[in-house]
Amino acid sequence: MKISARNTLKGKIVAVEKGATTAHVKIEIADGTVVTASITNESVDALGLTVGGEAYAVVKSSDVMIAVD
Amino acid sequence: MKISARNTLKGKIVAVEKGATTAHVKIEIADGTVVTASITNESVDALGLTVGGEAYAVVKSSDVMIAVD
Amino acid sequence: MKISARNTLKGKIVAVEKGATTAHVKIEIADGTVVTASITNESVDALGLTVGGEAYAVVKSSDVMIAVD
Amino acid sequence: MKISARNTLKGKIVAVEKGATTAHVKIEIADGTVVTASITNESVDALGLTVGGEAYAVVKSSDVMIAVD
Amino acid sequence: MKISARNTLKGKIVAVEKGATTAHVKIEIADGTVVTASITNESVDALGLTVGGEAYAVVKSSDVMIAVD
Amino acid sequence: MKISARNTLKGKIVAVEKGATTAHVKIEIADGTVVTASITNESVDALGLTVGGEAYAVVKSSDVMIAVD
């Protein structure tokens, strides 16, 4: 499946924390650069996400902001 | 200003394309890894974004999805 | 690629309207039910989206609201 | 109230799962097609959402992605 | 129609700027406090939005970030 | 840090409710006008958010919808 979301960052899962309904998954996309995703517990199970696995952080362009110092 | 958004990826602006109201800004956050942001033209002007400048791509965790092969 | 987004609605593309940077793509997911997506022109080209083609509307659960009469 | 969000999909609530702060509500918008919404518990109470009730899944166009096989 | 989005800020429309496909609508929700919405041109027409009219800015809680100085 | 998000509403924190992974923070941005944010518990800790403190509700324009009566 190819998706319109322009941002697909490959990395390794370094944390999976399930809450009551919402989970936080952290992916290290480069040395010391970690991206946090807030997704449903259901997705964690459906995709079989576990620490150490390879995965992609996917973000739609309209959800990316820019900041400057 | 400190913001709750968990994802702040530092990089260099490699493209700024203004449309009629919406602009696309591309930031290279690592060698060969480019993040695209869709923001208002107004923001491009307010922040003075130009190719070559340093900037951050900022994303709220609830806007990050996870994908696996 | 499998994605964490919980909502994947299959349908047929009924309209592709490109703007200066942002395109609107409409997918008919059931008789008379059309979903509108606002994506980058770049994605329209990358995915080769054209009227009549099959496609999926994909939405992250945290982007779905509920309304009642 | 009329809203700018272009996507309003009518259906029947088939599940309401409350978490600690976040609830998942599922609406069947067509035979076998279920949409999942992640909303606040507060909204579930304010709208009186219960299984079997009629409701709409509402999505802003800029939150819809397109995928192809 | 009642919606799950927790944030509904009443105000007066002070600007409507249409682009090729995307419009920017500004609502003054308090003296000197203006909220900008990026919506489809289609919605501007469907809702008949014009400067001077009363309207609400509606935001889902999961789209609100917090910042501190 | 300056951010591209066009909407920054200053106010006072009137509630911080932590869930299992997701917190709800409420900011009063004007007399009787309260904005609710759904953010990670992690952010609440990182920013030291507590009731009575000053804070900003920050929203990207593409996440703002417009409604009319």
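For reference, chains read A, B, C, D, E and F in written order, and residue numbers begin at 1 within each chain.
The criterion applied here is as follows: contacts are C-beta pairs under 8 Å (C-beta built on N, C-alpha and C of every residue); 3 or more make two chains touch, one makes a residue touch a chain.
Keep in mind the model is a prediction, meaning the values are calculated, not measured.
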Pair of chains joined by more contacts [C-beta pairs], A-B or C-E: A-B
Cα superposition of chain B on its sequence copy chain C - rotation in ° rounded to nearest 5: 120
Whole-Å gap separating chain A and chain E, where each centre is the average of the chain's CA atoms: 29
Centroid spacing, where centroids are CA-atom means, of chain D and chain E in whole angstrom: 21
Computed distance of Cα centres, chain D from chain C, in Å: 17
Chain F, residues touching no fewer than two other chains: 1-6, 19-22, 24, 36-40, 42-43, 47, 56, 58, 60-63, 65-69
Contacting chain pairs - touch in the sense defined above: A-B, A-C, A-D, A-F, B-C, B-E, B-F, C-D, C-E, D-E, D-F, E-F
List of chain B residues in touch with chain A within their complex: 3, 5-9, 24-25, 27, 29-30, 33, 35-39, 43, 47-49, 53-69
Chain B contact footprint on chain F (complex, rising order): 1-6, 37-40, 42-44, 46-47, 56, 58, 60-62
Residues of chain B touching chain E in the complex: 1-5, 19-22, 40, 42, 60, 62
Chain B - residues contacting chain C, complex: 17-24, 36, 38, 62-63, 65-69
